[in-house]
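I've put the structures underneath this note.
Here come two complexes built around chain A, the first alongside chain B, the second alongside chain C.
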Partner chain A sequence: MRIPVSLHTPVRHPENSGSFPTDPYVQLVTPDGVRTPDPLYDRWVEDVDGARLQELYIDMAVIRRIDTEATVLQRQGELGLWPPLLGQEAAQIGSGRSLRASDFVFSSYRENGVAYCRGVGMEDLMRVWRGNAAAGWDPYSVNMAPTQVIIGAQALHAAGYAMGITRDGSDDAAISYFGDGATSQGDVNEAMVFAASYAAPVVFFCTNNQWAISEPVTLQAQVPIANRAPGFGIPSIRVDGNDVLAVMAATREALDRARSGNGPTFIEAVTYRMGPHTTADDPTRYRDDAELEQWRAKDPLSRVQALLESLGLFTDEFAATASGRADAAAAELRAACLGMPDPVPADVFAHVYSEPHSWLDRQQEQYSRYLSGFAGEENR
Partner chain B sequence: MTSMTFGKAITAGLRRAMEQDPRVLIMGEDVGKLGGVFRITDGLQQDFGPQRVVDTPLAESGIMGTAVGLAFRGYRPVVEIQFDGFIYPAFDQIVSQVAKMHYRTRGAVKLPLTIRVPFGGGIGSPEHHSESPEAYFTHTSGLRVISVSNPQDAYTMIQQAIASDDPVLYFEPKRRYHVKGEVDEAAAPQLPMGSARVLTEGSDVTLVAYGPLVPTARDAAVAASDEGVSVEVIDLRSLAPIDFATVEASVRKTGRLVITHEAAQSGGLGAEIAASITERCFEYLEHAPVRVTGFDIPYPPARLESHHLPDLDRILDGVDCVLDRPSSLAVSGSAAG
Partner chain C sequence: MLREFRLPDLGEGLTESEILNWHVSVGDDVKLNQVIADVETAKAVVELPSPYAGIVARLHEQAGTVVEVGSPIVSFEVAVPAGADTGAPGAGGERVQARREPNLVGYGAVPDATGRPARRRRGPAPAAQGAAPVPASTPDAVRERPRSTPPVRKLARDMGVDLSEVRGSGPGGLVVRADVVRAASPAAGTAAAPAGAPPVVPSPPAQASRENRTPVTGMRKHTAAAMVASAFTAPHATVFLTVDVTPTMELLERLRQQPAFNGLKLSPLTLAAKAVCLGVQRFPSLNSRWDERAGEIVSFNYVNLGIAAATPRGLMVPNIKEAQTLSLHGLAAAVTSLAQTARDGKTRPADLAGGTISISNVGVFGVDTGTPILNPGEAAILALGAVRRQPWEYEGAIALRSVMTLSLSFDHRLVDGEQGAGFLNDVGAVLAEPALALAMA
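Then we have the complex of A and B:
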């Protein structure tokens, strides 16, 4: 078993530098849009031609536009909350487009771009954030678990699901998405113990976006996060999370390892949360504009645009197609959000249990009686 | 009919469930070659293999969380928590994931986990090995909680728990593992999992117990009858939901209610039973319901546990109280608090 990342000497970062810029990561496209050869990872994306690159660009443009629209909907009072993914488009599209339909995703709440890749519809994407239900979609219709709010809990679910894959003799894989903050959680560490011990076909995809609400990654880890995994016996890779091609290469390699019976892989995608933690957050209280500027120069879309331009593929026609697709998706999202039927009072009690439950049945009956007392009144 | 111990009855029930459904798995610490520290999974790994009887790393949240993932994949994991006091690292996964996933996904994802918990005191153990944490779980919507008191129920109800599409906590009174009883392995279940059972009929006092204190309650009823008091003993069996219809019917007959459990008193199941029965049939009560329970203390050292655990005499003290006889529990004067 090859461990691409060597063990580093811990380097302390007393400042809130937010990342470990001196540590190497896999990058296939520079921020200026130059495709740089990589002897280890080129082979994983050799099928990605100009047309495929254009599709990846459109995907990223679409989810950026969806994300913006959702933020606007929250500001207009149509959503209770929204966790923006701005800046993390390459990490989500590069990995999400590497999966096959029969793989299973266990994500946090910010992977709405991954959900888009899985085929989650716009109404389902908005449902949780509008407050209509605790989960947006039927997990089995897209093979993606509902958004997980408890930090890191889903890493164990992915490891367990992967144990089931092994028992079924399948070559599917599970993938768990979590952030840099989650790597401090016991559940993520336990998930790595279980996955390693049972050689479970699971990919741990850590989106290191430098911030856990207001806490910098240096509060979570004193070494690059990817360096932890080898201690569990799990090969790991640190990848430029703003490089869609590099993320795709790393995810495909990890999935291949899982499918071929060689167990888990840990991916640290180094990126940046350009927006607030959620629409309820105010990042101006804890980070500098200068840092934002640095990361704006590494934008995931700009570099693919530059690469496509150098290939003569970012034509006016293509640009119009991309923005047209993005605008159409945003319009669809808005319509789906505003057109979503409100839940009905009976939904309060539905599906707590799969079989009748005497306590709850009694409470529901009493509450129905209570509500029926208002029959005939307006606006109930 | 076969005579077997309480512990062996659970083993037999597990074996039957595994034979009938290849998706049933057992997971836990030391459940494989050792057969568990109480030998409840004895011989199962040998017969069903290490893919179905899984020794896990020593991480309870990890066990619970991976069981959730296996259930997502269609398996029916039976998780063994080695001792009651070791369940807390798994508490977040149980409360935030196991209990809520069905509601969260509007019924799309079922998590048919069975969580076996040897619980309760009376075996002279050090700290964390004798606790009664059931009320944490009965207070959590989305879970079913049961506790068994005899080998036949142990055998039948472990299979009912595994067959349930809802997650079930199965509390095993560890100090009764060696009690023998008759088990009919071929018989269909006499009662649904959620039903209580009237163990001994009586007309003066209703005595509600579950798990380890059921035999004690039955002994107390015999002792009371020697004094001419007729006690109706109810074995709750299901702690969430509680079969209040059965308790209520009994209290309407007797007018007096005593509840006993090992767990601490305040905020415990006794409080829930007293409140619910008072709401349902206040006008039938001749006396306020009385609780005979463990004290509001961390579980005490072994040489003190006999003071903490309700026994026959303390239960009879409670019976005396509801009969307005002299009792340490009688409300007198204006004690502070």
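Then we have the complex of A and C:
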């Protein structure tokens, strides 16, 4: 079904979507855990029953635990850096679990929860952050591109990949994850121009976590970020990014639009980065504790827990299952991280070119001679 | 078994962190990931989670100390259940040591405790072809070109010399310019440097005539040290002012007619000396000293006025003691004798010590101005440019006037632009209208 789009009016929820960055958005579960009916979006999640909701909760609990463990591993000197996703679990799980295996994900460095949904193994997830490799996994084994650190570059990759999908005649889709800060980058805007021009099957998933490192979103967006997309001819929607059901509904709608040949969609998931930008950042230097507390009340896990409790599904047994799964994931992560073999120096040459390259061979040969100079010092 | 936890790099590229406080003490039973300390880095205060479950055996560092990344901060007594503890980490250093094994290309660098890479020992360059037989155990060495610096390699290329054929005579077999020059000359080509006896300090006769080398001693050495000390401790700033000094020149001419000034050297410097003594009354920060050790500023209530003098031995800056007490006549007499004494090489160390502010009369060398370097320890130095007859605005028309450019360098730790400019304006005002000195005195 194609929603008619005016180039000047964002496709937003007619009831509860405003014009300011702080205005409301599509929400299916309130922070108190009350399921609110929605005539436009209920149909996208009508298959989500209690059991499925439990699974979503476990997913979020697991990636929160993965995130905590990785943060701790960085503090213990086992990872060089880690970008925490605390608070953004619903945005990642709600969207990540809406994808099918043949879709392709182009994410930023913070979508480690999405990577978990794609089936990226713990060791692969940690590899880059431990500094053991430039990329953690084979992108084609999980249909997710390697961690992108260049802000917003992955939006172009997704648009290009989606244009390729059209030429292949497939009904797959590409999804690009980026933050609120990235929307000020040229790459993201160029990607939207191309995606709109070619009606590419791509979903631009903007995780608006309110802070581009130390810059608040209100500094760079005078209107909701979602309002920008219609200017490119791309329908857009703001959702409560801490509401896993709303995120899922919006993502499924966008994916359906892509698969049915109706082009790109822009989703602004309004959430909050509860932790630092990375483990090398100190958010107390630029933001208020009161703001943190405000968002703590909108926690993505506690509202699903409340909803499950109201359905009688958050039993002690279920709670134990969830925390058990989370702890197991943390233990697996720690073991994978610490047991990872260190790379050998020659690895740096391994993935520079896909074909033999004489100049590189020469460099490698010189480097190996340099390293052999240390041989005499081995027992020093 | 005992496990050490070394302070990790908690940010990106940090070298040290301060332990703010410990949450545990020796003997405490600690769980994995339990917070054991608060640590402040240059970037943030973070909680340190324990990497082990076990008993705290030793706190290596006190709270409040700054610890280098890689230093042990706490040790744990950790029980190692057989098989169950697959994920137990070794402390950073230990694990790396244990895993260091030969790989395809040799060995990795040994990481040392401070986190700095071990530096490769630089040995002499391996002998070039035709030298003593190469031991079979160092096949790689044969292929290495003798060491040389990039300019020498360029010289060799320009002169068509193959460096692998050159015996280096520098330290550690380094190929130096002289070796390349020698190798390029046909006579030396076959003779080459005799093996085993390279000259320690090569001084090719060909270059001796093109350069002269003079040992740095005495005055030159002293001046160099003083200039370097001044230029690299006091942040210098310089302001300039060009003034019509015709009234000064006229006054000096009249004074020369006075019997009292007979035999005294009278120049704009004389009046400038007076103007400086007057100016520091209004701007005392120009007559002060930065006492780094005491963390204090020393303001002088007297003026020991240094006068830079070019002598046959070099630059000297003897000073006129208590210059603020002297009349114009007294200053003229003091400048005259001071300059004469310096030129005669009879300046005593006491005359050179204790200066508080200085004047450099670079104008006598025919230049318009300069940016003087402070006499070490002083806050300001005034430079007088040459007096030139120039067309100049005078009473609403263009006239030929005697014009001089003044420049003032000051120690910006002590003096700001406002004071420096104000002082220079005062000095300029006196030189432009000497009668003002009466009003300022």
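We adopt the following convention: the second predicted complex is superposed on the first by the 354 of 380 C-alpha atoms of A that agree within 3 Å, B and C clash if a C-alpha of one lies under 4 Å from a C-alpha of the other, contacts with A are read in each partner's own complex, and residues count from 1 in each chain.
The definition used in the following text is that a contact is a pair of C-beta atoms (placed from the backbone, for glycine too) under 8 Å apart; a residue touches a chain by one contact, two chains touch by 3 or more.
Computed from a predicted model, the values in this text were never measured in an experiment.
Have a look at where A:351 lands relative to chain B and chain C in the superposition and call it first, second, both or neither.
In the superposed model, A:351 contacts chain B only, not chain C.
Which partner chains sit in contact with A:317 here, chain B, chain C, both or neither? Use first/second/both/neither.
neither
For A:160, is the partner it touches chain B (first), chain C (second), both, or none of the two (neither)?
first
Examine A:47 and indicate which partner it touches, taking first as chain B and second as chain C; both and neither are also allowed.
A:47: touches no partner chain.
Is A:293 touching the first partner chain B, the second partner chain C, both, or neither of them?
Touch partners of A:293: none, neither chain B nor chain C.
For chain C, which residues are in contact with chain A within the complex?
Its residues touching chain A are 5-12, 33, 43-51, 86-89, 92, 96, 99, 103-110, 118, 120-121, 140, 143-144.
Chain A touches which residues of chain B in the complex?
Listed in rising order, the residues are 51, 56-57, 59, 61-62, 64-75, 89, 92-93, 96-97, 100, 102-110, 141-142, 144, 164-166, 194, 240-245.
What part of chain A is in contact with chain C in the complex they form?
Going by the criterion above, the answer is residues 69, 72, 74-78, 80-81, 276, 279-282, 284-285, 331, 334-335, 338-339, 341-342, 344-346, 364, 367-369, 371-375, 377-378, 380.
Chain B touches which residues of chain A in the complex?
Residue list for chain A touching chain B: 104, 106, 133-135, 138-140, 145-146, 150, 153, 155-165, 167-168, 174, 186-187, 190-191, 193-194, 197, 350-355, 357-360.
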